[in-house]
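Across the two complexes that follow, subunit A remains constant while its partner is subunit B and subsequently subunit C.
For the complex of A and B:
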């Protein structure tokens, strides 16, 4: 899924690199508010988690399988700033230690996978949570829709970058249709897995889901009359 | 060779490769020769590199499609009508992508994760980012082991994921993995605080 070296020309790669550096810088400031001095240990473990989840294969049928990208999932779980940092670190490690995603395309990959999916996924989830009734049961569907939108959004940004610095003359409309069509399908899978995973976490530790914090704060502790134990 | 120099060399080398026009076929042979020499000097086994080049597969498929979907004048190759510029683009993608993967793997083969983290620190990567990366690298094995244990536990109960109906089971594992990772992060943080951690690593 990662963009390799040579897909976009050198000036575009350098430009996306600069944008990625700026975005990560902003995220570094924002993450301090989300996690304070816990940032490094927690974000590090969450980054390891994102890396590990990408190794879990979800069978689609007919012998093929896909895996989670996890940008929107990370945003819902730990907050957008920390998520940008976690996914960026995952991409850096993948590029340098596993040659997954080109080193010159690192800026492009951070921009697409770490920034776009996280920001879009978070924004959509947040807006939906504002609109939907304030119940814990609404968090997982909102996260799923956020995840669904985040994938084609990244594909759209990629198409835009390709229009600026692409190295092949495929007509843009062909590319946009192919990218959007294909990534809408991928987005469906991403949405389903995000929905199920967020739901599973909500039922065990709802306090760990960053997006659910506003909803949980409104809940009151209800003590029910205890049945007499025989 | 120190890791930070290797990273700088890799970035510089790949920028040159990416900026080279794809019509300069001889230049690519030269780049490949450079990489083969580096690999030979560093005693990296070719088999190790070849096995890990599978990460490139999706883009090989994309590159192979290129001659069919690109525009421009067409040429006939073996009875197929292919786009000339598409062929050239496919060649450019494959050449640059492959060189990138080989160069990246050479770095990975000769550098331990710890060395890499220290190298990036010397390259003035923001301290917070370095720390996050250090923790990630340190706990990567722990977390993937945890995941593997869950897979073994599932398999020993007769579970085998075959179709989307099995996704809820896998997703619950993802959820459990997150909770375990996050709680481990909290424990590690508390353990560090009790040993005098104030938000930055001692030198």
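For the complex of A and C:
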């Protein structure tokens, strides 16, 4: 959903640019706490993986395609603040080097793809992990559902931005319906890729998955408690 | 599940795995990606505002639209652009992480 130049008017683009700068600034501070000896070496690789996977457009229905956005995936693997930075780097490189996503729309794209998908994906995943049984096996399904929800959420934010600063006079309800409809289907692809990627890393090194830390820590406490009883 | 930590896969293998998968996706699989417009582009055309998109400022760049200028073979041109992009993102994001952590000494592994 890389927004090109010209879809949104200048004031809206300036506003989303300001919000994006603020969000990245806050993320730079927040990421300092997240980036430890386990997440730091992983973060660059996660960004590279998101970039590569975004190149793989998968067909959805008649004449349309979708691709991973990756905010939920990155948040689950390296933490939400670091994820905002990772996906922002991807978007900046895509815009400047590959002419994918407008330059004046960079703030809009960071807001949609780096901030909205990370916030929504992370929030949904965390809530699910609180509710679901505390097992490592629950992390990938929770991440997949977070990823699924994050895509129509970003579509909805785009529709909201278009309502404020869209440059064409179109029916907003038509836009909202079409955006939500298609991106709900695309969300299924997002969920599948997130499930596979998180599941793959969990299967070899669960300790590297940021969102699994609470689960693993709880399990270790249980094990230690059992050992001390015995 | 708990015995796994005793013989965990070394991080370098995990890193290598992610890097290889990313390079294969960007360098090889990307050629087979769907060329259909993505969700937003499709909706923009359907709803009638796709023509509002203006020419991209970097449209004449050497890697614009994920093809490498001067390389005629489509498979090679796209694959090369993908590999370069993956490497650039890895370096920029990896470098940014190093800056954010701001370790007082560079060699503080232990």
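Assume the second predicted complex is superposed on the first by the 197 of 230 C-alpha atoms of A that agree within 3 Å, B and C clash if a C-alpha of one lies under 4 Å from a C-alpha of the other, contacts with A are read in each partner's own complex, and residues count from 1 in each chain.
Quick note on the criterion: a residue touches a chain if its C-beta (ideal position, glycine included) is under 8 Å from a C-beta of that chain, and two chains touch if they have at least 3 such contacts.
Everything numeric here is computed off the predicted structure, so don't read it as measured data.
Peer 1: After lining up the shared chain so the two structures overlap, which partner does A:58 touch, if you call subunit B first and subunit C second: first, second, both or neither?
Peer 2: both
Peer 1: Please work out whether A:43 is in contact with subunit B alone, subunit C alone, both, or neither, and reply first, second, both or neither.
Peer 2: both
Peer 1: Touching A:183, do we find subunit B (first), subunit C (second), both, or neither?
Peer 2: A:183 sits against subunit C, while subunit B stays out of touch.
Peer 1: Given the touch rule stated above, what does A:223 touch, subunit B (first), subunit C (second), both, or neither?
Peer 2: Only subunit C is touched by A:223; subunit B is not.
Peer 1: Looking at the overlay, does A:136 come into contact with subunit B only (first), subunit C only (second), both, or neither?
Peer 2: After superposing on A, A:136 lies in contact with subunit C but is clear of subunit B.
Peer 1: What is the contact status of A:96 with respect to subunit B (first) and subunit C (second): first, second, both, or neither?
Peer 2: both
Peer 1: According to the stated criteria, A:5 is in contact with first (subunit B), second (subunit C), both, or neither; which is it?
Peer 2: In the superposition, A:5 touches subunit B and subunit C alike.
Peer 1: Examine A:67 and indicate which partner it touches, taking first as subunit B and second as subunit C; both and neither are also allowed.
Peer 2: After superposing on A, A:67 lies in contact with subunit C but is clear of subunit B.
Peer 1: Just which bits of subunit A does subunit B share with subunit C as contact spots?
Peer 2: 1, 4-7, 28, 31, 40-49, 51-53, 55-60, 85-86, 89-90, 92-93, 95-100, 102-103, 167-168, 170-171, 174, 201, 204-205, 208
Peer 1: Write out the stretch or stretches of subunit C touching subunit A in their complex.
Peer 2: 1-2, 4-5, 8-9, 11, 13-15, 17-19, 21-23, 25-26, 29-30, 33-40, 42-44, 46-49, 52-59, 61, 63-66, 81-82, 85-98, 100-102
Peer 1: With touch defined as at the start, can you tell me which subunit A residues reach subunit C in the complex?
Peer 2: My answer: residues 1-7, 28, 31-32, 35, 40-53, 55-60, 63-67, 82, 85-86, 89-90, 92-100, 102-103, 136, 155, 158, 166-168, 170-171, 174-175, 178-179, 182-183, 186, 201, 204-208, 219, 223.
Peer 1: Flag every residue of subunit B that touches subunit A in the complex, lowest number first.
Peer 2: It is residues 7, 10-11, 14-15, 17-19, 22, 52-53, 55-56, 58-59, 66, 69-72, 85-86, 89-90, 92-93, 95-97, 99-105, 107-108, 111, 113, 116, 120, 126, 128-129, 131-140, 142-144, 146-147, 161-164, 166-168, 170-179, 181-182, 184-186, 188-189, 192-193, 197-199 of subunit B that touch subunit A.
Peer 1: Which residues, counting only subunit A, touch subunit B once they are in their complex?
Peer 2: Going through subunit A, the ones touching subunit B are 1, 4-7, 9-10, 13-14, 24-25, 28, 31, 37-49, 51-53, 55-61, 68, 77-78, 85-86, 88-90, 92-93, 95-100, 102-105, 167-171, 174, 192-193, 195-201, 204-205, 208.
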